[in-house]
Structures are given as structure tokens and as C-alpha cells.
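There are two complexes below, and they share subunit A, which is joined by subunit B in the first and by subunit C in the second.
Coming up: the complex of A and B.
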């Protein structure tokens, strides 16, 4: 069994790897890079060589290519920096040749001081190396897991710092009473820490790095966008490392090292760990999707279980026929039509048209989307429960129970249900995931700020990193849910052996 | 003993003896008899035929072009409520919605039928071999595990995103992963039938695999395939509608039910009729196709012909 689980986990990891790699290759090779800049307001304002510099710089950040400005090239490959920086000098051309030999494409940029006068011009070079699909996939996976270490600050920002930072780990309790393993010289000050929030023990050592969002929320890591809170900043009274106590939205445990802090940051954070995530009043995108998903899931099971059971119990009677009609109607109706229909009905009961109208704090915002999500996954579950129950009721043990004189009710609830529920249990983790992916439509229609809405939104603006992040999360979740479903099934029914025994 | 004049010899009629041994049975006749015994199915069949005919014929007459906005500068022809002149009203640029809806229905129907055809053909062929060959099963089950684990909507959106908007891309996006679930569905059925005694006997007698598939197994699967088709077409209609609604479906040059819905959502308060008509047509197509398909699937199962 252990061996089986291990193999399954390995296979799951392989499938996640395959899916994300294929998606990466598709997105990076098939979407023209011009599309990436269509929605970027900063790019549209630029022209001439500035636009070219900006473009290559951004494409470098997004992982399309390796971009080298003259400054980078001279620093890296020339002994005589000053001579190298003079355009078209001997040293300059030699360095360019070095990069050209490495496979870089050199572009010569001419910038005229005066558009009418072509004699006075500055010449600059830029080199870029375009990655192929395999290199992009390799770069993605090698940069995905980021492990923090105490040498981080000195290695990364060494040149910008006046003196090296002390490198050490220590246990301690900070001025706000948060205990944990701290670090000086790491990217994050708090490595492992305990606070009162679920799941009580947190870490900053291993982080997933999916790159930055672009062009919406440019420069913010994609993981931060979907996992940080939304809405207004929530300030609390807290003490800062400098001893100052004031109300602030900063979450100090998330602070990153800031190489060039401003005066205001230095006043609060003398140790330069000043790049903090703020606390917000509303839940994050992932949390929002999950609140809706879980609530609707509970509703689905609360409705579908008793209804499906009584349908099977009264097979061929009125309730069964009515149920079959409802199931067929719900399955065949386009989900969008169903959503708008229910939304229309809801408007008579004073339900808001869009989620942001009343926001997170009003229960009314939640009712309609949850009912709709539930109705979308209700019919198939009900159909399967009925199917399994009806199949089971023809089994020999049911006849035996009848012969022994058990009542119909007893047989159904004590014997058939227990057997029929096994395949249903298998699907429970899966339906948790289905809630998220089914929420694409519902979240878009109601403008719910969740992950389901984020995907079509980021597709529209060509936010590649965000698309890949969400693909990764959804794929991981669904692969995990299948695995958990199988494991849960063996717990419920010990007769089921997942690992095959013997040959064949 | 002399010949008894009360009896006469009759010729042995081979065909009559056949007749007595096996009662008159025609597969397709039974299928139709079974199908037309359901009144709901007949009604739905008429409904879907009317919709399909309208979708084919009406755009030919009206010559509707989604890019033609000749009334865009004429404020009096915008947002006209449904009337005799404009049965479904007009939209924000003065296009007649009755024409638009039928043109859109044609696109949506075409896309979903094409996607179903692709899915079913590939799915059935692959599923057959998959169910038969144990060596293929080892590889295919792994591929299935990878593909089936990815949310379908995600796949559709990603493919439309990378290949761009268009009808061919849409059909490709909708069918490129669904075929494997059809294949898996067929594989399970084939595996159940494969080891039945009559197939074992057939194999012992030296029937080649291709003949086993076409003669022994395929007829048994007709109702299963029908069930799968009747589920696929409405689900593809639904997919087209929401993909276009999310803005990753067809481009501006096509009218489709999803695009009409997407355009109409902005005017849900001021002109709800713009939204209602495409949704009603989409719902009618889905429901009627589903019910017709399910009834036909039931009817095409020979086991229901007994009584």
C-alpha cells in the first residue's frame, strides 16, 4: 500500500510537470510577443529606441529571452569598462563580437538628438538571446522553488550596500510577541514563526516563484496577487523593530529585505527588512473561491443525498419521475442560461446583480452564487446516487435482508446506503476542485473577485505568468483531489485494494 | 395402407420455416417504433428539426453579416423592442436580432456538431483498440490520467488563448481533450464485452481482430455511443456559449449564441430581450437534443426491443 501511494504521488508529480510544461511551451512559443504589450499603457507612451529598450527589458523579465544592455556586457566581459562604453570603439566592438559568438542577436540603436539633424546621433547596442521552448521550460522549473538562505542579501545586493549584512540565524521573540526562527542576511527576516492564525506555524524558507504579473498589477508577484487580501487595507496597532508603536496595515512577519529603503521605512525598520505585505479587510482570491466552493459543496450534498436516496427508494413513483425531469433539465441547460435565469429570479428577492454591489460583508452577496454553483453540480451527483442505490438494491444481500424480515427503510439506510456511498466518497475531493473550475462562469457573471474570474481576465490582457500560475494551482489541486479520492475510498471501504495483487 | 384422400402433400417451404422459428424482427424498425412511442421525444424531435432548419435556411435568406453595421449611425433603429418588423428587436448598432440569432444558432450548432463528430470518431476508434490491446492500455491509461486531471474549461481557454479566436480553433479547443474521455468510456465498455463467451468462441474460431471489432462489438455499443453523443452536443453548445461569453471564443466576424449573450449582458437592465432570445434558443437546442438523444439511445439498445 505504501509503495502504491508513493508511485501514485510520483505519477501525480509527473502529470503536473507534463501539463504545466506543455502549457508553458504553448504560451511562450505560440502567442506573439506583440500581444503581451498591447494592453500595457507604459509601452504605448514610448517610442523609438526607448520602446525597444523597454520591450527587451520586459521580455527578459517575463522569461522570453536574455537581454543584455551595453552596460551589462561591459561589466561582465570587459576589463576596460570606460573604453567599452564608448560606442563603436575597438573594445566595444570586441565585446559585441564575444556576445554574437555566444548566439546573441545584436541590435544597433541610433538615437538622434534632433530629428531633423542626422549628423548628431548617439549609437547604442543591445543584445538578446531568445530562449527556445525547452530552455523556457527548464528555466521555469529551476526557478520555481526558491529556498531562502542567510547569504541572500550579501550575494544579491552586495554592491548596493554600504557594508555587508551580518549572516546569522537566531531564535527569538519580536516586539509584538511573535516567536520563531529569525534570520539576518536572508530574504525574509522571519523564517519559521508561530502566531495565533491558522495553521499556527508558518514559514518563509521555501516559496514558489512564478514571476511577476504583467501588464495588470505590473511588478507584483503573481502568487502574492492571488493570495493576499483584497479591498481596503486593515490597520492594526503594532510595534515596529525600532520601538515605534503606531497603527499600520503592515504584516511584519512577511517583510522582505529592502536594499535601498527610504527614510520613512528606515524609521520603522532599522534592519532594512521593510518590504512588507499589507493586511486587507477582505479575503484573498483563493479564499474567496474557496468560500464559495465549500459552501456550495455542502449545499449540494445536503440536497442531493436525501433527494437521491428517496428517488431510489421510490423508483418509478412520482418523486422519482419528478427528479429525473429535474436532472435532465439541469444537465442539458447551458450553464450560462441557468445562471442568468436564476439571477433574474433572484432580482425579485432583492439579491444583488453583482457581487461588488454589496461586497464581502453582506450575506446577500453570497446567496445567489452559492445556489447557482450548487445547482450546477447537483444533477450529476443526484443521478449517480440514484444509479448506485438502484444497482445495489438488486444485490443478493438485499434479498437476504428482506427474507430475514428487515423493513424497507432499515435496508435502505443501514445496508444499501453504506455500499452505494463508496463511489460517491471517491468523488468528494474531486468536487471540491470542480467548484473552482465551474466557478469560471459564475465568478465572471457575478464579478466575484476570485481565482475563477482571474483566469479569463488574465487571458484577455495576455498576462502569461498569471495564466501559468493559475494553471499550475488548478492542475495540482485536481491531481491531488483524484489521489485523495482514491485514498478516502479505501478508508471508507477496507475491501478495496488499490494496489493490484498478482499477475495478469 | 392406402393413401388417405383427406390429406394432401405440401411442398416444404424453407422460408416459411425460417419465419416460424424467428419472429419478424427488424432492428431499425424496432428502434423507430420504440422511439416514436414517447410523445415527449417526438415533440423534442420536431422542435430540434425546426431549429436546425431555421438555422440553415434563414441566414441564407437574410444574408446576415455580423460585421455589417449599416444602421450604426441611425439612432432610431437602435434598441427597438420586439415587434412584427423586428421579431427579436434590434441591438445597440441597429442589427436585427432575429437574423442575428439564427445566424448565431448556425455557428453554434455547426461548432458543436463538428466537435461532437471529431470527438466521437476519434474516441470510438481509439477506445476500441484501447479496450482490446493490453499493451496499449498501459500507455493510454497514463495519458488519460494526465489529461483527465486538467479542468476542461482551463484547457479550452488556454487553447483559444494560444491559437487565437476563430471557428476552427474553437472546434479544436473543444474536442482536443474530450475525445479521450469518450475513448475511455468506450474502452470500459469494450473491456466488459471483450471477454464474453461469444467473443472467446469467435476468437478461437480465428476471427480477425478487425472483424471482431466491427461485427461482434460495435453493434453492441451503438446505444452507448448514442448516449455519449447526446451528452456531448449540448455540452459543446454550453461550452461555446460560455467561452464566447468569457471573451475567449469566436471573434467579431461570427455571430454565435455565446457572442450574442456576451454583447447583451451589458444591456441586461435596459434591453433584457437581447439576452433572453439567444438563451432560450440555446436552452431549447440543448434540452431537445439531450432528450432526443437519450430516447434514441434507449431505443437503439436491442435489449429494450423484447417486449
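Coming up: the complex of A and C.
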């Protein structure tokens, strides 16, 4: 069993690796780079060599290529920096030749001081090395897991700091007076800390790094976009490390080291751990989708289980016929039609037709979308429960249970249900976990700020890092749900024993 | 039929019809039969002759498209044909009349423990507590020959072999001390060595618990070994009924002759095995005369015109054939089965599978 799970986990990791790598290769080789800048307002304002500089700089950030400016090249490969920086000088051309030999493409940029006067111009060079698909995939996986260490600040920002930061781990208290493991010299000040949010114990030691979002929300890490709160900033009165107490939205446990803080930050955070995430009044995208998903899922099971069971129990009777009509109706109606129809009905009961009208804090905002989401997945679950129950009720053990003198009700509840529920149980972890992926149509219709729209929107604007982040999350969770489903099955079905050996 | 004071179950003019795709099939045609207390009655006949359907009427277990259309089944002063409510049947099923089915591999719920499935019945019918039921279930398991019963109480059916599962099925059937145990081909799905064990187990338990056993089988070897009385069924009717010796050594109905001649044990090396020619009549149509007549070598004109009555051969032996009418020509049973006794003795003496263990 243990060996089996280990092998399954290894296989899962391989599957995740394969899927994400294929998506990476597709995105980076098949989507033209011009598409990336189409939606970028900053790029559209630039022209000439500025645009080219900006473009290569961004492509470097996005992982397409390795971009070297003349400054970078001279610092790295020349002993005579000053001579190297003079365009078309001997040293300058020598260094360029070095990079050309390494496989870099050299571009000569001519910048005119005055667009009308072509005589006065400065020449600059830029070199870039385009990664192939394998290098992109390799870079992604090697940069994915980021482990924090106490030498981080000195190693990364050493040159820019006035004096090295002390490197040590210690136990301290956060703004709420709760003890946590803290660090000086790490990227994050708080390494392990506790608070009132799920899952109550948090860590900053190992982080997944998917890069920054671009061109929408440029510069913000993709994980932060989908997991941070939305809406207005929620300020609370808190005491900062400097001893100053003031109202601020900062969550101090999330603070990252800031190499060049401004005066305002330094006033609050003398230790330069000033790059903090703010608290918001509304839940994050993932959380929003999850609230709707879980609520509708519970509703679906609460309705479908008893309904499906009694349909099977009274097969061919009135309740069964009624159920079949309901199932047929819900399945045959296009989901869009159902959504708009229920939205229309809901408006008579004073339900808002857009989520932001009443917002997160009004229960009315949730009712209609949850009912719609539930009705969309209700028929198939009901149908399968009924089907499994009916199949089982023809089994021999049911005949024998009847011959034993058990009543119809006892047979259904003590014998058939436990058999029929096995295939249903297998799918439960998946339904629970994958709630976070959101529901595209329903969320769009009600303008719910959830995950559903995130993937299509990111694909539309070529937000590659976001697409990969979501792909990675969904792939991992899907693989995980299948594994959990199988493990759960061994609990309800004693015949299933996960074993590493082949054969049975 | 013989009048006997110790009759536990009495069937009178039973008729069962099934509705199959808008057509009506008569599966049981006017059977009258008495079962004596403590006896082992074997019902034999080929597939589709109505053996199972006949016994299913005793427990109200007919499929939903079947119905008793005529007749009475008297059991403990109650006419079972008049029971309408399922809750009334539940007082009979398991508690008074228990059934053991053919396939032990599928008779038990795969996801419930063996112990649960036995004690469930004890709790239901005897109203005992969980602990008492467990104690009784374990002793029952030991009685039917399960070693380490206490440890195996919490195991699941898939951990048991076919023979052991059938022992459990028997234990469940006995859990309520039934008056009648119906064994619907209890050994068909088992291999021969296990068959013999199960047959002897049922035989011993019948003596110990004193229940009446009704065997349904097409294995005449089993019949010879366990039965006191034999009823031969053909096309929804009992065509011959008698003590086991009478049926085996002095059969009167041509169908019984054919059935006995078909015993594979009687086949001689080099000769083809005997088989009754033709197929049984369609039960969708009304059967006129003797249902076996078209397949019989001894059929007379009257067999195609009028249904024969039961002729008494001895006070315990009856056969439904015109051959027993005084006006009929004298016919002898086929040579193959004439000295069946000697042949059987020789077979069993050689260490045949049905020899006593």
C-alpha cells in the first residue's frame, strides 16, 4: 500500500511535469512574441530603439531569451569598461564578437537625437540569445521552487546594501502577538507563522515561483493575483516594527525584503522588510470560486443523493417518472438558456442580476449563482446514482437478502446503497478540489470575480505566465483528486486494495 | 396424494403465469403436492420446467411480472397465496421458509462483512442484541464448518472460497431456525468435492435442526444421495412423485425413464450418451394432452388428446401417464435403467463421487 502510493505519487509528478512542459513548449514556440505586446499600453507608447530595448527587456523577463545590453556585456566580459562602452571602439567590437561566437544575435541600434536630423546619432548594441523549447522548459522547472535562506539578502543585493544584513533565525512575535519563526537575511521576515486564516499555519520558506503577470497586472506575481484579496483595502490599527502604531492594510507576516525602500517605508520598517501584501475586504479569486463551488456542490449532493435513491427505490413509480422528467429537462436545456431563465425568475424575488451590485457581504448575491451552478450539475449526478442503485438492485445478493426476510427499505439502505455509492465516492475528491477552477459561464453572466474567467482571459491577452500558473495548479489538483478518489475508494470498498504488484 | 397428518406445506391446484412482452406464459400448471415435515423432497427436471418458480411461490419471491393466478399454498394454517403485503411476507421469508441459492459467489453482499450479514438476520428475526447475535453467528459459523470463526467474523466475502461462502449462505439460512429450507441448486456452482461436503452438511443440519428440505436440482446423483422423496417436473407440472427408491428403481413415466437414461454415469465406453430427443413445449401456448407426448417413444393417440390423471402405483408413488391406464398396452422401462440399482451400487463402490464420506 505504501509502496503503491509512493509509485502513484511519482507517476503523478511525471504526469504534471509532462503536461506543463507540453503547454510551455506550445506557448513559447507557437504564439508569436508580437502577440504578447499587443495588449501592453507601455509598449505602444514607445517607438524606435526605446521600443526595441523595452521589448527585449520584457522578453528576457518572460523567459523567451537572454537579453544583454552593452552595459551588461562590458561588465561581464571586458577588463576595460570605459573603452568597451564606446560604441564601435576596438574593445567594444571585440566584446560583441565574443557574444556573437557564444550564439547571441547582435542588433545595432541607432538613436537619433533629433528625429529630423539624421547626422547626429548615437549607436548602441544589444545582444540576445533566444532559448529553444527545451531550454525554456529547463529554466521553468529549475526556477519553479524557491527555497528561502538566511543568506538571501546579502547574496542578492549585497552590492546595493550599505552594510550586510545579519543572518540568523529567531523566534519572535508578529503584530498580533503570536509567536512565529522569523529570519533576518531571508527574503521573507516571517518564515513560519500562524493566523486565523485557513490553513492557520503558514510558511514562507518554500514558494512556487511562476513569474510575473504580463501584460495585465504587469509586474505582480501570478500566484499573488489569484490568491490575494480583492475589492477595497482593509486597514486595521497595527504596530509596526519601528514602534509606530497606525492604521494600515499591510499584512506584516507577508513582508518581503525591499532593497531600496523609500522614506515612508523605512519609517515603518527600519529593517527594510517593507514589501508587504495588503489585506482586502473581499476574498481572492480562488476563494470566490471556491465559495460558490463548494456551496453548490453541497446543494447538489443534498438534493441528488436522496432524490436519486428514492427514484431507484420506487422505480417506475410517480417519483421516478417525475425525476426522469426533471433530469431530461435539465440536461436538454442549454446551460446558457437555463442561466438566463433562472436569472429572470430570480429578478422577481429581488435577486441581483450582477454580483457586484450587492457585493460579497450580502447573502442575496450568492443565492442565484449557487442555485444555477447546482442545477447545472444536478441531473448527471442524480441519473448516475439512480442508475447504480438500479443496477445493484438486480444483483444476486439482493435476491438473497430478500429471501433472508429483510424489508425493501433495509435492503436499500444496508446493502444496495453501500455498493452503489462506490463509483460516486470515487469522484467526490475531484468535485471538491476542482471547485477552485470556477465556472466560466456563470461567473461571466453574474460578473463574479472568480477563477472561471481567468484562464480564457489570460489566453486572450497572451499572459503566458498566468496560463502556465493555472495549467500547473489545475493539473496538480486533478492528478491529486484522482489519487485521493482511489484512496477513498479503498475505504468504502474492502475488495479494492491498492498494491504495487501487477496482476489483480 | 397420500393423506398424512404431518404435512407442513400443502399446495393445491397452483397455477403461475408470467407476462412476457404482452404474451402470457403459464409456468406452473395446476400442481398439487404435499410436503411432509422433516422429509427431504427433491424436485428434479430440466431447465425451464418450473422447479424454481414453483418454490419461489412459497416465499413470494416471484419476479414482478409473475403472478399466482390460481390455487392455494397452505402453511401453518395460512394460505400463502392470499398474502398481499410485503411486510407479511417478511414474517415468512427467512424466519419460516429460508432459501439457499445456486451461486454462493454472488449471494453475499461484497462490501459487508460476513459477520454483519449473518447477525443482521438474527437481530431482525430473533430480536437479539448485537453482542448476542454475534455470539450466535460465530457458533453458527463453527457449526457449518468455518475454522477460526471468531477471527473470520469480520472478514469480507471475497476473502472466502466458493465452498466457504456457500457454508455461510447456509448459516444465514439457518440463523432463524426455519421450518423449511429450500435449496435452489445449492451445489451447481461448486466443484465436485465441495459439492459432496455441502450436501452432507445440509443433510446433517436437517437432522439436527429438524427442518424440511426442498431440493431443486437436475443432478440425479444428488437426489439419490439425499432425498426421501422425489418429484419429477416437466413443463410446469409434476409428472411423477414418489419415494426415492420408487423413482429410481421403478419409474413409470416415460420422461422419468428418459431422465434416468441420460445419467452420464450409465453411459458405456464407446457408445453415445443417451439424450431425450426434441425440446420441451412452448409454455406460451396451451398444452393439450400429455406435454411429453411429442418427445416420447411410447406416446399413444390419447396422449395428444387428453391430459392424463395421476395414477397410483403404490400409496407413496404416483405417475401422470396414460401408460398406467389398465387399457394401455404393457410397456417395459428401457433396458439401460432396468437394473439401475446394481449399476449404482457398482458405481458408488468404485469410489464414485456420491459415495458416503
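Note that the second predicted complex is superposed on the first by the 485 of 504 C-alpha atoms of A that agree within 3 Å, B and C clash if a C-alpha of one lies under 4 Å from a C-alpha of the other, contacts with A are read in each partner's own complex, and residues count from 1 in each chain.
Everything that follows uses one rule, which is that a contact is a pair of C-beta atoms (placed from the backbone, for glycine too) under 8 Å apart; a residue touches a chain by one contact, two chains touch by 3 or more.
The model shown is predicted, which means the values in this text are computed figures rather than measured ones.
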Subunit B and subunit C placed together on subunit A: clash or fit? fit
Once chain A of both complexes is superposed, is A:455 in touch with subunit B (first), subunit C (second), both, or neither? first
Of subunit B and subunit C, the partner touching more residues of subunit A is B
* To do: Scan A:27 for contacts with subunit B and subunit C and give back first, second, both or neither.
  => first
- prompt: Between subunit B (first) and subunit C (second), which, if any, makes contact with A:335: first, second, both or neither?
  reply: first
(Q) Just to be sure I read the superposition right, which of the two partners does A:18 touch: subunit B = first, subunit C = second, or both, or neither? (A) first
Note, angle between subunit B and subunit C viewed from the Cα centre of subunit A, nearest 10 degrees, works out at 50
Check your understanding: Which holds for A:440: it touches subunit B only (first), subunit C only (second), both, or neither?
Key -> first
**OP:** Return first, second, both or neither, reflecting whether A:402 touches subunit B, subunit C, both chains, or no partner chain.
**Re:** second
Smallest Cα to Cα distance in angstrom from subunit B to subunit C after superposition equals 5
Check: subunit A residues flagged as touching subunit B and also subunit C none
Subunit A contacts subunit C in the complex at 395-397, 399-408, 410, 414-415, 418-419, 422, 492-495
As the complex stands, subunit A meets subunit B at residues 11, 14-15, 18-19, 23, 26-27, 30-31, 328-329, 331-337, 340-341, 344, 353, 433-434, 436-438, 440-441, 444-445, 455-456, 459-460, 467, 470-471, 474-475, 478-479, 482
Subunit B contacts subunit A in the complex at 142, 145-146, 149-154, 157-159, 161-163, 231, 234, 237-238, 241-242, 245-248, 258, 261, 265, 268, 272, 275, 279-280, 282-283, 286-287, 289-291, 294
In their shared complex, subunit A is touched by residues of subunit C numbered 59, 61, 86-87, 90-95, 98-99, 101, 103, 106-112, 120-121, 124-125, 156, 158, 169, 172-173, 176
